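Across the two complexes that follow, chain A remains constant while its partner is chain B and subsequently chain C.
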Partner chain A sequence: MKKNAYLKMAIGNKPQGKETSTPAPAEFKLIGKPTPRVDGKLVVTGRAMYTHDIFFKDMLYAKILRSPYASAEVAAVDLSAAQNLPGVKAVLKLKEGRVKYEGEQIAAVAAVNEKTAEEALKLIKVDYKALPYVVTPDKAMADGAPRVHDSANVEKINEYSRGNIDQGFAEAEVTFERTYKTAIEIHQTAETHASVAKWDEDELTVWDSTQAIFNVRDGLAEALGIPETKVRVIKMYMGGGFGSKLDANEHTIVVAKLAKETGRPVKITLSRKENSLCVGNRPSTQITIKGGARKDGTLTALSFRNTTCGGLDSGDQCSEPTIDVYKCPNVKVEEFTVFTNTGAGRATRAPGHVQGTFALEGFMEELAAELGLDPLEFRRKNYTTSNEGGTGIVYSSKGLDKCYDIGAQKIGWTRRNLKPGDGQGKKRRGLGMASQIWWGGGVPGTLADIKIHRDGSVEAVSGTQDIGCGTRTYMATVAAETLGLEPQDITVKIGDTVYPWAPISGGSLTAPSVAPAVRDAALQAAEHLRGIAAKKLSVPAADIVLADKKLFDKNKPENSIAFKDLVKGLRREAVFHGERGPMPAGFAYNTFGAHFAEVEVDTETGRISVLKVVAVHEIGRVLNRLTAESQVVGGITQGISTALFEERVLDENTGKMVNPNLQTYKIATSMDMPEIVPLFVDLVDPRINNLGNKGLGEPPRIPSSAAVANAVYNAVGVHLREIPMTPDKVLKALRGKEAGS
Partner chain B sequence: MENTIKKKSRTVTRRAFLQGLGGGAAGAALATRMRGQNAGAGQAGIALPPALAQKTITFTVNGKSVSVDVEPRETLLEVLREKLKLTGAKKTCDRGECGGCTVLIDGQAVYSCLFPAVRADGRQIITVEGLAEGETLHPVQQAFIEKDGYQCGYCTPGFIMSTVALLGQTPSPSLAEIKAGLSGNLCRCGNYVKIDEAVAAASQKMRKA
Partner chain C sequence: MKNFQWTEPQTIEQAIAWLAKANGKAVLMAGGTDLFTEMKEGVVEPDLVIDLKSIPGLASIQKDKDGVHIGALTTVASLAADAMIKLDYAGLSAAAGSLATPQLRNVGTVGGNLCQRPRCWYYRDAQMDCRKKGGSQCFAAKGRNKYHAIFGGGICHIVYPSDLAPMLVALDAQVTISSPRGERNLPLAEFYSLPAKNVRRENVLAPDELVREVKIPLAKKGTRSAYVKLKERETWDFALVSAAVRGTVSGGGLSDAAVVLGGVAPIPWRLGKTEASLKGKKLSQALVKEALRADLQEARPLEENGYKVELVEAAVTRALLSLTRPL
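Take a look at the complex of A and B:
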């Protein structure tokens, strides 16, 4: 998915001008409590079916031949020898003309097993004419650089301004400018991208490792020129997406074609190398922030300039945190993308916000030191309760101030070095923090059904996906809560485009979209059952309570009927269609949080150890404390991994990625983990939806790298301003500091 | 060669393990060579020489004896997943970097993606599918559910098998021992902290039982 389309989706909360129907109660019995996943047994026994695990009788295996060149002219592709290899059932040419990155599709093979398909790839003869290329932003911006596309290599992708930036700087008593850099990060999902395609007559069914079944359906229909009604997409379990699995992938379209041609099911599973090269990455950034402030810490101006690189595609817009988080009347933003001959960037868990927060929060930390202020007090001083830095509409709810209070207390904020680098000894400790903003309001119009069967069993159905966040479990919990049942009583059906529409699972919008839709359907079901029970028990429907698997008179609880007995009398199974309602206009709907990190830096080896992270988030109502904690833990882990290790490395001399595997592309292991304290502000958004909940997918990923970098600054007195903070960079920065630069 | 396929001794970290293969990059080269040796054998429709052709092997998997025909180039992981349809163990990196394919061979945790299937002949293999007794989950499996020791769950079979091996050798591991013991498994969702809690809880359950 194009990152801008993704962001539009994430913002999703376009005010609609109507109030939500049913206000949420302050306290629930099940919702908000820690509930183990309802489908846990399938996962821990290895029976959960991922796309990799699907094997059909007569299934063929596809492999794709990819360009080894960063830029080349494909003059000819000879498929004949591959076609003649025994066991090969189909060969497809996918490209002639110019290829623009290492990994671009050239041809595909379907064979009776993977090894035969691999051998067939070696028999395809491709006549390449290598062309000049650029793989780094610096080279791409240089005069006379080879063009990646037909247009220029640099393009403006965003601008914004409010107030008067010049006046803002004129009013400043201190002016300060710093540049921050982030590297390209690869999603490296545990399950590599995979699809299985199968045709029955003119109807295509695709099992896909995806975060967005409806996007895959629509993309396939478009690519194949068939109606959406003829495509069904199923996702049972999937091993991680983080933004890289949000639409119909090229390889999915390829297997659909191969399956059509051979009349047999065709499966593709990408290799780790292909996953490293071809299915997305988090664009790099170089962000310069210039700020002006009064001596008391009042911000008067912020100017933000980003040069981002997303390879063949546009990089990330990263200015949102700078526009929104702090009260500041004068802001100017300019963002540019640089194209290179490398795989296209894609949405990556909190696209733009991770990089933009690393820069903004590093800047705030350094400016606080310059002003001689406590960095947390400096942030509080510029706090705002309305968006666009205090110039826009008010937030429906904002608990960032509470995140600050709780986090500072839990980490022991007073223990920090009052002046960065004050510590003594070879190993220096420091504390740092960072603030977070994201959307996460959800998508009005999301659908879910509740189906009550006459034997007392209940289904909650929605065409959403569980990508590891526990969607099935909170759907069951919300339905059970509303109907007076237990989560185990609810059969959850998701991950199939035959079910009612739901948006992508990305942008932190699944929970605030799907849970309210389930709640809406379940409320209708409860009302219907209350009406029936009222007649049976001879009490007004308004007095009927659903709880403990019964319906009873709230004034005389023994006057009751079991849920099972009541629904036995239904004429047929009853279906209730729920919809996630609109959000009132005039408010901004956002999530907030703050991370506090403690680190130890070994000044002899340059090694950084993260000792502790306290994370406090405000996401309205928490639906399931247990799985919510996992979200936070995962976001912090990925943030630490990016802060310390992750970087796609390209060889300028060959145009190739040198670390397309999990051995040389380092990600954090259990050994790198600190103590993590995940906390939530107890708050229910009063108007966002019928549950008062917001999303949590991206928020914990956003401030985690920045908080660690700021803690390193507090420990050693020099901000690295660049992630990953590998030991060489730490040592270089320390030497620079000694030399007094 | 034995060292290249044994996962690691339980106190060795993932990176130390890779270094144990002869230094980071060299280790990978070795692994690749091992897999690559036979990869060309069936190339271009050339018939496999008899010595490299299919061989029938017999081993025990989850308590049941099985016989399968395997090619020398096939890994144990491929045989488990594709021939026996035991898809719990995952092909995540396919080169000994992540632990997603971990199974127990004669009680020892092994990366099955690096283990030539022919060498499974006569061995006892346990996969994640073989831990529960009927519908009663193994204490490690229970603990992973209770502590939410996963998100997407893709790495979970590997982590569970490594945990079973760890607790077999070290029934009451310290937090440092847990972290080291599981450092050969990667979790991209980043749930290590919760996994550590699950392992500690499992250890407690097993000692009580």
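Take a look at the complex of A and C:
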């Protein structure tokens, strides 16, 4: 999915609805409580079916030959030797002409096993003519650099301004400029990309490791020139996507073609190396922020300039936090992308916000120090309740101030070094924090059904996908809550395009889209059952309560009928179609949070240990405290991992990535994780939807690297301004500080 | 992965016979934790894999009057857990415990650890025709070399990645090597060889030789050892720099000292000048800094690995100072 399309989706349709007719109650019995995952047992016992597990008896295995060159002319591809290898059932040429990155598809093979397919790849003869390339932004921007596309290597991708930036700086008593850098991060999902394609006559079924079954369906239909009605996409369980699995991938289209040609199911499982090279990454950034403030901490101007690199595709727009979070009348933004001969960037868990927050929050911390202010007070001083830094529309709900209060208290904010670097000794401790904003309002038009069978069993159905975030569990909880049942009573059916439409599982959209749709369907179901019960129990329908697997008169609870007995009398199974309604116009719908980190820096070895993170989020109503907490732990894990370790390393001399594996592309281990305290500001958005909930997929990922970097600054008195903060960089920064530069 | 034959010899003699017959086209496999990654990547493509695990009696730790014998197939985990090793050679126990992850330590062996191949990312990419693989250039010299050698590189800038090797060298260990010609013993320090000698190999084993055991001299009274490994993450990481030290504590200093580094050179890197300047003097951070000066002057960092020089100082200081700390 193009990042712009992703952002558009995340921001949501322009709010245009009226207030929701069924406002959310303040308190629920099940919703908001810690409910264990309904599918937890299956997952931890290894019985959940991931795409990697899909198997058919006559299945073939596909492998793809990929360019070893960052740029080359493919003059000829000779498939004959591969075709003649026993066990090979089909060979496809995928490319002739120019290839533009290491890992680009050249040809594909389907064979009776993976080994034969691999051998066949070696028999394909490709006549490459290596061409000049650029793989790093610096080289790509240099004069006379080889062009990646036909157009220039640098392109403006965004600009924004409000107020008068020059006047803002003129009003400032302190002006300050800093540059922050973030490395390219690879999604590195535990389950690498995988697809299985199978044709029955002219109908294609694809099992895909995806966050977006409908996107895959539509993309396949388009690529193959067949109607969407002839494509069915299934995804039951998935080991991570983080934004890299939002479309019909090239390799998925390839297996669909190979399956068609061979008349047999074909499976492809990408290797770790392919996963590192070809299916996306988080673009790097170099962001310069110049800010002006009055001595009391009032911001007067913010200028933001980003140079981002997403390889063959555009990098990330990162200015949104700078535009929105702090009150500031004068803002100017310019963003540029640099193209290089490397795999295209893709949406990566909070695209743009992660990098933009690293820069903005680092800047706020450093500016606070320059002003001699408590960095938290400085942020409070510039607090807003409407978007565009206090110049736009009002937030429907915003609990960031409460996040600050709770977080500061829980981490013991007063323990920090009053001046960065005040500490003593070889090992220095420090505290830092960062604010977070993201969308997460959800997608109006999301569909879900509640189906009540005459034996009393109930289904909650939606074409959404659970990508590990607990979607199944809250669907069961919301349905059970509304119908007076228990989560175990609900069979959840998701992950199949034959079910009613739901959006991508990305953009923190799923919970605020799917849960309200289920709620809507369940409310209709409850209404219908109340009507029947009213007759049976001879009380007004309005007095009927659904609880404890019964329907009863609220004034005389013993006047009741069991849920099971009531639905026995239905003429047929009853289906209720729910839809997530529109959001009222005139408000901004956003999620907020603040992370507080404590670190220890070993000044002799350059090693940073994160000791504790307190994360406080405001996401409207929490649907399930247990899965919400685990979402936060996951976000912080990734945030620490990229703050300290993760980086795609490219070699300009050869045009290659040198660390396409998990030994050298380092990801945090459990031993690198600190104590994590996930907390929520319990408020209910009064109008966003019938549950008052917002999304949580991305928020905890956003401020965590920044909070850690700020804590390091507080510990040692020098801001690294660059992640990952590996020992070499830490030592260099410390020596730079000693030298007084 | 290329097809290969598999054999499970029952004796060392059979294993050696297979080796000799294969004429350089065979590889030995112990735990396989290193070998299989090389084979999967296509970096080595043997015709024959000789599984040493089928040979009984090679996985033991035994103490006799000559010293402590550690069989080549002893797992790293059992070395780390051995009570006698912990007591007499605390540094070795620490080095074993610092290595990789519990899963890898349970499978990986001491022999495999001492004979493992370098982790240089150019060497490990089958598509890169680097010197170590018979090509004509070292891509690290002017490439991405943050993890590469600061000493002894020259024509090939790999670092020897083993955690056990520097510690065993510091303990004056010997290796027992078996071949069709019989057995030979070598100080472990002489087992390793620099790229200048043979860039394709990291040790002096002939194609028909294998390591049968390692022998450490009996620990002298008052002699202590320590291992400090500096890495990027807390676990599952090779050393950026490690310091293996041994010393006999007398007064506030060391009457003799061995200081060997890991992660900085193509072989375990012994700091002879440092050792000499430490002798008999009162140990302090200042003394170590001073003692390291001459050896560190010989460091030839590449563009991205200058920080390792600083790490050497931190690792050696910490390791040495720990020797005089009360038990």
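The rule is simple: the second predicted complex is superposed on the first by the 739 of 741 C-alpha atoms of A that agree within 3 Å, B and C clash if a C-alpha of one lies under 4 Å from a C-alpha of the other, contacts with A are read in each partner's own complex, and residues count from 1 in each chain.
The rule is simple: a residue touches a chain if its C-beta (ideal position, glycine included) is under 8 Å from a C-beta of that chain, and two chains touch if they have at least 3 such contacts.
Note that this is a predicted model, so its numbers are computed, not measured.
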item	value
Which of chain B and chain C A:Met238 touches, first, second, both or neither	first
Contacts of A:Val109 with chain B and chain C, given as first, second, both or neither	neither
First, second, both or neither for A:Glu191, with chain B first and chain C second	first
Touching partner for A:Ala668 - first (chain B), second (chain C), both, neither	both
Contacts of A:Ala480 with chain B and chain C, given as first, second, both or neither	neither
Touched partner set for A:Ala502, first chain B, second chain C, both or neither	neither
Which of chain B and chain C A:Val658 touches, first, second, both or neither	second
Partner chain in contact with A:Met725 - chain B first, chain C second, else both or neither	neither
Partner chain(s) touched by A:Leu270 [first = chain B, second = chain C, both, neither]	neither
Intersection of chain A interface sets (partners chain B, chain C)	115, 118, 663-664, 668-669, 671
Touching residues (chain side chain B, partner chain A) in the complex	13-15, 18, 24-25, 27-28, 39, 42-45, 73, 81-82, 85-95, 97-98, 100, 127-129, 131-132, 137, 141, 144-146, 148, 150-157, 160, 178-180, 182-183, 185-196
Partner chain A, residues of chain C touching it in the complex	1, 119, 121-122, 125, 127-128, 139, 142-144, 146, 230, 232-237, 240, 304-305, 307, 310-311, 313-315, 317
Complex contacts: residues of chain A adjacent to chain B	36-37, 40-41, 43-50, 52-53, 55, 81, 84-86, 113, 115-116, 118-119, 122-123, 188-192, 237-240, 242, 269, 271-272, 467-469, 626-627, 629-631, 633-638, 641, 661-664, 667-671, 673, 675-676
In the complex with chain C, residue positions of chain A that touch it	68, 115, 118, 604-607, 609, 644-645, 649-651, 653-654, 656, 658-659, 663-664, 666, 668-669, 671-672, 726-728, 731-732
